[in-house]
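Shared between the two complexes below is subunit A, which pairs with subunit B and subunit C, respectively.
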Partner chain A sequence: MDAITLQILNGLDKGSAYALIALGLTLIFGTLGVVNFAHGALFMIGAFCAVTLNRLLTLSHQVVDETRTDFLGNPLKVDVPYMHDLFGEVTGAAIIDWSVPLAILFSIPVMIAVGVIMERGLIKHFYRRPHADQILVTFGLAIVLQEIIKQIFGANPIPTPAPDAFTGSFDFGVLLGFDPNAIIYPYWRLVYFAFAALIIGGVFAFLQFTTFGMVVRAGMADRETVGLLGINIDRRFTIMFGLAAAVAGLAGVMYAPINSPNYHMGMDFLVLSFVVVVVGGMGSLPGAVAAGFLLGILESFASMNEIKQILPGIDQIIIYLVAIIILLTRPRGLMGRKGVMED
Partner chain B sequence: MFGLGKKDFTLFLIVAVLALFAPFILNPFPTDSGLAQFNAGYPDLMQRFVIFGILAIGFNILFGLTGYLSFGHAAFLGVGSYAAVWMFKLLSMNVIPAILLSMIVAGLFAVVIGYVSLRRSGIYFSILTLAFAQMSYNLAYSVLTPITNGETGLQITLDDPRVLGVSATADGGIPVTNLFGMEMRSFETLVLGPWEFQFSVGYYLAAIIMLISFYVAIRIFRSPFGMMLRAIKSNQNRLYYTGLNARPYTLAAFVISGMYAGLAGGLLACMDPLAGAERMQWTASGEVVLMTILGGAGTLIGPVLGAGFIKYFENIFSKINDQVVHGWVSFLPDGLEDLVVALIHPFVGKGWHLTLGLLFMLIVIFLPGGLVEGGQRIARRLRRKPAKDDAKSASTTPAE
Partner chain C sequence: MSKTTLTRRGVLRTGAVAGAGVALPTIFTASSARAFTNAPTGGSVTLGFNVPQTGPYADEGADELRAYELAVEHLNGGGDGGMLNTFSSKALDGTGIMGKKVEYVTGDTQTKSDAARASAKSMIEKDGAIMITGGSSSGVAIAVQGLCQEAGVIFMAGLTHSNDTTGKDKKANGFRHFFNAYMSGAALAPVLAKMYGDDRKAYHLTADYTWGWTQEESIKAATEALGWETVNAVKTPLAQTDFSSYIAPVLNSGADVLVLNHYGGNMVNSLTNAVQFGLREKQVNGKNFEIVVPLYSRLMARGAGENVKGIFGSTNWHWSLQDAGSKAFVQSFGTKYGFPPSQAAHTCYVQTLLYADAVQRAGSFDPCAVGEALAGFEFDGLGNGPTLYRAEDHQCFKDVLVVKGKENPTSEFDLLEVVEVTPRAQVEYAPDHPMFAGGSLGACNPGA
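Showing the complex of A and B:
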């Protein structure tokens, strides 16, 4: 029992990332009808927002410390971050320590700007083109974004630590009444899951309970009629694109401490997120979220040793296998609607 | 001639001449001149031109003709390579059985994948093929290690059985791939003044196979079967309404296209007998798509052009480093020179992928028909200028 709980917990953080990316993909797909192969790149840019902020905050200058000497007997030069000068030693250190959560604030405007520029500058011109063209142009864009990041930050993964308060793990099993040390779970992954749940809830609430969201949902159902009612639906869809970019970006920011960001992390997640979207059903937001968590958890179950002994290598292919089975038995995915992307 | 129309025959002849005289055509600069680095007439690169040409020709039958965008085509390339290397390990170093087996194995693989993925069309098909290719890639790295040798890649070794050949040569080395004794890597050099031309056995084998594949592709394009594939591309629903089942045709197109990819993979292994899983990665699939689009999807000559174009520039761009750029712009004042070099730097050398991505976007945005369409546009513009008076009479013709 505890092993099962552990695997479910393990699946949650990856599942959260899948769900967030798939949610953004579905938002774009449902509103604009565009298949965005560059969505993984947005996730990656989000993670690099965290890296950038971390680097900005730790910018430092050298100060000669007279009290200490190096091994030659000269006064020691120490790097002092500007943050320490601005806010004092204690607050400055705390700000640097909390750079990843702070990057959330930093990344939201950046990601919305990136999303809006992408939509207005490029994708707008592709609404009337065939789906193949949309796939190809966003695929090209993904390569370009990825290579630009590689030029700036290099090809190696960049460790981006979580705040000290969240670095350890804790004994989650005791809370649920299992033996101590049965389920040890890192704090940050729990934070990630809570954060993802918050964002997903926020997006759904935004769509469900605001006038803006209502108009967007109406536009998703029938774009032409909404336009005929005198509502500028294009502008709202552009904003939704920015929002979807922000969701992917936030997923990336918070993922940075779990996996050190590297330039191809977006592509790695993108392929899986597409599979998630297809399993959930094209254009279905709840489907994307459900499928994201489902596949994340399935993946972590498949990587259990007991299962790997029976079916070696299953952990590598389980997601694809599930996708193939689902597409063959339920062609519209788990919660796909009729008439959405039937061809 | 050979069952080809006059126009097609001319096209085939042009491609044949280009392919057979490539060692001359691609080596326009003398070896001692500064421009020699732009020469492409050495066997290794020319082999890649024609082999990736085969791959793109095959992909075009599926994408250009039938309208199914596969994002997992590299899987067949990888499977073909593995099959060929296994043939070298078990049977002999002759390339014929290796090439045949790689086509057969890739074809069988395509039947399985195609049977499943072709139940859906449009983006679902793209994603399904992508999923299959990623699955094969992951499997090749993990469970199938006994067959694929995992990350190291499959190589031929001294203790392979090679039933019909020899395990090791007389002097104890690993035997090389050959065609009835003609070694793939052997070449003749012809020195003409400052020029040096290399004629390699491997290149000519690949070129001849490419010509055969090109011929087959033309025949498919012009056949009733090809018409059927075109019909599927333009409107599959209408086809169903007329009582025709499109699935056998799409499956046939998929398998043919997979066999082309397998053939290309097998040839790659013949030129250099090793196979690795990275050949199946989805970036490799993306490259095939790019070649076809760049040249012109749905045209006969486009994919070959695209493959050559990309492989050539990949090679050239990767070779250019900062010093070379400095050499080009040395006539500029110092500050400006550094600026220009800094501007060019991200796009050359290791930055080739950035250039590739940009090129990809530009082509899709401005020239969806690829190089062939670009050429046609230029030709039309040149032709239109002298014949301005015809425009009036042409406009009066009724539309269909």
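Showing the complex of A and C:
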């Protein structure tokens, strides 16, 4: 039982990353009708926002320590971060320690800018082109972005730890009435799940309860009529693209402490997120979120040893298997609407 | 319409005559000096450095390339000479190889077997490379080694740790200086038993390809021989990034040691995940839970950050070694590039020197003559103590380092500390050891 609970937690955690990326993909597809293969790259750029802020905060100058020597036997040059000079050693260290949460604030404007530039600079020229063209150009863009990141940050993963207060793990089992030590779960993964729930809730609330959201929803349902009513739907959709980029970016920032960011992390998530969108139903936001969590949990269960003993390799194909079954029985996906991608 | 009469005998006869005619010139020349692939004719000789310049091991490839450039500089008489000054063989004198200036071309393996073969092939056929060296993966090393055997050039393997490289996939034209998974097991297991006791229950997570399999087999055999029990061994896909669903079952498996047969990004992520799940603070069977990373790399330890502290593993070489060879190498590498070399850089530098020295001693670039000079060669002064290039399988035998993630690093390079230098005798094995059985060197191929 505790093993199952642990895998449910794992699934929710994985699912929250899938759901956040799929949410952004669906927003872009639903509003702009563009299949954006560069969305994984936005997730990756988000994670590198955390790396960048960490680098900025740890910018240092060197002080020669005569008492120690470096590997060549010369006096050791010790790096002293400017933060320590500016705020004193204790506060400076604390600011550096909290670089990932601070990166949330840093990443929002950066990601919105990246999204808007992407949409205005490239993607808007492909609105009227076939989906195949959109896929090619956005996929190409994803490769370009990932190579730029590799050029700047190198090919190896870069450790970006969570604040000390959130490292380590906590005994989740005791809360649920299990024996102590039965279900240990990392703090930061719980934070990630809570954060994802907050963002997803925020996006839904924004679309549901604001006028802006109402217009966007109307545009998703019938773009032409909204245009005929004299509403500049294009500008709003550009903003939605920026918003979707910010959602993917935030998912990336918070993911950085879970797995050290590297340049191809976006690609790792991209294909899975597309399956999530298709399973959830193209253009359906609740579908994307539900499918994200569903597939995350299924994937976690499939990687349990007990299940792999019966069906070896099932963990690698479970998501695609489920996708096939769902699409055979419900061709529009779990919550797909009639008419989307069918004309 | 004319009718041609083709008979079997006629075709055979014509073929035999034509064949003899074509072969005639080589039959005569072979008596004086045998022809071989890319025999250098001018005043220079070209070496082919095949390293990952893109892809997941690009940083390691970059360090290999730095080492190769340094080796070429030293061979041509530039710089401070590095390990040429400490090398026990004095055949090389800084005037290139057999008086020919050393030049090089580079290829990008991308850590993909087909790309690595293509770049090696191009360097051999287009650039006239006489020797291919480099790489940071056993899959690539085995693929390129096979290609060099077919093409008739020497392959001096870079970083490759799978038993198969000098086991079932060994080739007469291929040579490995780097240690292997068996040696890691033989060196590491006694230290682990000493530190953690001999009644441990181990759980393996293993990268699902040639290197992972042979390392798992080696560590299992070595630890079980000392009394450990293997609770489970789970293969993980090479492309896996989040290991949480593989780590979670470890918690309730009854295991008290987790062995991560992972390298590169896999190692960074699985170790980070394991630490996040609190494995290191856990108590199982009344003992502290421990994590082991049998093959360590400093470049990768950097990616795992704080998480490597106190974790045991093994390595081929480390820059903090205090023998004359290591010090000379660290001095010239550090002066040129500003940071200490990695073990990948070390093995690549040494392989280049060993190749050049073998040519010099053989008095010929002929791969078969070079191979003969390398096989059974005993040397010292290259950072690993007295070393033997065993003739039976072209594997180097030398001391192995057991290392531990350093608790208080003084710099970003100072991540590992050497716990024990395991003597060569302890990591030696018979050429027909079951873990290495199944292949044969075959005959050397000079090509051409």
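Points worth noting:
Note that in this section the second predicted complex is superposed on the first by the 328 of 343 C-alpha atoms of A that agree within 3 Å, B and C clash if a C-alpha of one lies under 4 Å from a C-alpha of the other, contacts with A are read in each partner's own complex, and residues count from 1 in each chain.
Quick note on the criterion: contacts are C-beta pairs under 8 Å (C-beta built on N, C-alpha and C of every residue); 3 or more make two chains touch, one makes a residue touch a chain.
Here the structure is a predicted model, which means the values were calculated and not measured.
When the two complexes are overlaid on their common chain A, residue A:G121 makes contact with neither subunit B nor subunit C.
In the superposition on chain A, A:V275 makes contact with subunit B only, not with subunit C. Look at A:L136: by the touch rule set out above, it reaches subunit B but stays clear of subunit C.
When the shared chain is aligned, no partner comes close enough to touch A:G230: not subunit B, not subunit C.
Of the two partner chains placed around the shared chain by superposition, neither subunit B nor subunit C is touched by A:P180. When the two complexes are overlaid on their common chain A, residue A:Q316 makes contact with subunit B and with subunit C alike. Once both structures are placed on chain A, subunit A residues 316 are touched by subunit B and, in the other complex, by subunit C.
On the side of subunit A, the complex with subunit C involves touching residues 2-3, 6-7, 10, 13-14, 68, 70-72, 76, 150, 154-159, 161, 167-169, 181-182, 184-186, 188-189, 258-260, 262, 264-265, 268, 299-300, 303-305, 308, 315-316.
Taken together, the subunit A residues at the contact with subunit B in this complex read 35, 122, 125, 129, 131-133, 135-137, 139-144, 146-148, 151, 267, 271, 274-275, 278, 282, 312-313, 316-317, 320-321, 323-324, 327-328, 331, 341, 343. In the complex of the two chains, the subunit C residues touching subunit A come out as 54-59, 232, 234, 237, 239, 241-242, 244-246, 248-249, 251-253, 265, 268-269, 272-273, 276-278, 281-283, 299-300, 302-307, 319-320, 330-331, 334-335, 340, 410-411, 413-414.
Contact residues on subunit B toward subunit A in their complex (touch as defined above): 67, 69, 71, 116, 119-124, 126-128, 130-132, 134-135, 138-139, 141-144, 236, 282-283, 286, 289, 293, 346, 351, 353-354, 356-358, 360-361, 364-365, 368.
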